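For clarity, chains are labelled A, B, C and D in written order, and residue numbers in each chain start from 1.
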């Protein structure tokens, strides 16, 4: 429904900690037509220039709270609201090189009234 | 519907002409619940002990008339009647060796009200 | 329950297809049996029961009528086909289709049948073209409402529009009682299990069918369960089986002049395993249906691999059930 | 045509989902626009329009009611969900499901909505358990009759049986006008072609849909034609699109207290490309329907790849069309 809006074109950057690059960030939205409890966000898969990021390296931040994907699985209060821009932080020492990168984002949702998982993909080339 | 009745257990034999074995015969029925015009019998495939018989080698005889499969394609009068035992004669000099043979018979029919061909199979071990 | 009505019982000789195929019963045997079981109407799939069709001799028709008299039966319905794909590589033209329908109308008329079954796949446009001939030969053409079609299905609604618009008395509907399959037929399930379907999955499919879960969800679920090819085929069969609303018989009664009383499995003299005739026949009575209910047994194909098929016994039970539900002998 | 009636027009804020998602319209903007376009009723997907749901403050509800007063609108329907798969690896228990429904009933009641939409996948058994709470909070729960379900579909019939048997005034049906999709939506076809479907095959599928050929045959045909993955997906979408019989609205009117006026593509102020409102609204008038018709625009997802979505203009046309068909201002 909102597939093409999943990856934001803004906010793509490396993340610094004490002047060291510890990873990178991108901004993302749900492709679904309502907000969803975090326990139903089954998976977020990120590929940079064709290389998959490990699931463990991903942190999800919405409304000021940060979760690992594993923590999200049992999160019964937090929600990813409709149209809400969340931050995906990928722990990757050294981050990404400057220049263009092809980012692919897959969001897999557990929608109760569907017998199958909802799997949606967006792909954009972003500049760092 | 009548798949298991397609190959008759009787009438399996070698065919002689002037004391030479020129082929073999088996008796067969349609698996369908009505008779069908011969032009709609799209194909008859026979395998003996795993070896396919060439389509050109097959002759089909019903109600005293004999056809090649190609002739059947344009036959607008003759019918393979419901439950009617037809003779399939396979032109194969030397025929089959005596003893048991595994016969597989596939009949492919063009049924006008179905969007796909009706393909039915029977397999029997017959003794010569 | 209202019991005054003018509904008659018949048998489709299609019911004896196993015995006919195996040459255990002749056409005369079939008619004699139908009569013996209390039926007064005869429905026939001519291309099954009459070798040589459509080239039948006057002697054959004379014989047919002798049998009808001898066994006290009325010819009711000829089930016709339309071989639109007769020629390899091209469909019949519309003209050729009309010719084929006329051929069958003539045959039905010679048999003395007042009704002719038209396959549900036949188009409303073609039917409209054929109406004058049906009127000429005085044979009513009825579109078979066969599962998964049902009265409200848009293709059928297009046919009903033709009947309404033309106002003819010679075109209407022949519901096949298979559209009232309330439970998944036991004989189909058991056969599928014998062929390799997984018993627990087959059980799930039957329950899901009774729960009325959307068939596509059941198919998906069976795939998720790791169902084998036969499990998936069984789940996909839900696309073709329906329990439709029997109330609709009342609304469309003006267009119904014949009924295929399809059945798969008579458990005893009162119960068809999957089709609740007791929930359907009352609407026929209430709606003032005046035609025949012709027993149409279609269970042979599901049991022939493990048992001798006894179509006569199945039809006997079915006739007994209908007789009771019609309040005969009360 | 009869024009005396008590049917009211509303807007589902779902219609503005594109603008809401992109933060071009706030909740207040949506309400204001609905009002400006002549709607008096508001339907809302709370989980879309009310971030923080279900933990909303008293201040929020107070604000909501202020807006309703300010824009002269009546809250009509809260579209609820039921996250039965909230927990990984297990479904909600029945008790938890009832709790979730109660949570939504309380919310609907606080919003001032007299109606709450229940997803069609919800079971009749659960609904029966929830009826006392719906009565307690005085909110009518309506099962959404959403394509490919329809009134006569057996799952819906089971729900109707619950409504009939209990006799409650707090459980019924909310037809979604998507069940009257008479032509294949143009915006869906065009989007599929842009994504790679074969134009000629897409055209065939649209024609086959209008001809009412059984969807499984169309799917088979498209495979035979060598259709690509999108062609096959388009053919398979026929399993989920239906043109159902609008007459049934008359029969089930006692159970209908709200309507989702779904639409995909307003061609002008009088025509929805695929849903013939002019063939449906007369039955609502004839049947004495007294609730709201809430515009529910769902075309954005099919056009957002090539054009700016203008949901407001689409809703304006839809309201104009409904106003005409309802004979307003005559």
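As a working rule, contacts are C-beta pairs under 8 Å (C-beta built on N, C-alpha and C of every residue); 3 or more make two chains touch, one makes a residue touch a chain.
In this text, all values refer to a predicted model and were calculated from it rather than measured experimentally.
Counting C-beta pairs in contact across A-C and across A-D gives the higher total for A-D. Ranked by separation of Cα centres from chain B, the top chain is A.
Chain A and chain C have Cα centroids lying 57 Å from one another.
In terms of their C-alpha centroids, the spacing between chain C and chain D amounts to 38 Å. Distance from the chain A centre to the chain D centre is 30 Å, each centre being the mean of its Cα atoms.
Rounded to whole angstrom units, the spacing between the C-alpha centres of chain A and chain B is 62. Among the residues of chain B, none is in touch with two or more other chains. For chain D, residues touching at least two other chains: there are none. Those residues of chain B lying in contact with chain C across their complex are 1-2, 4-5, 29, 33-35, 37, 39-40, 42, 73-74, 76, 81-84, 110-113. Taken in their complex, chain B has these residues touching chain D: 115-116.
Considering their complex, residues 217, 220-221, 224 of chain C touch chain A.
Put simply, chain D touches chain C in their complex at residues 123, 148-150, 152-155, 157-158, 211-214, 216, 239-240, 242-245, 248. Within the complex formed with chain A, the residues of chain D that make contact are 14, 17, 20-23, 45, 47-49, 51-53, 81-88, 119-121, 300-301, 304-305.
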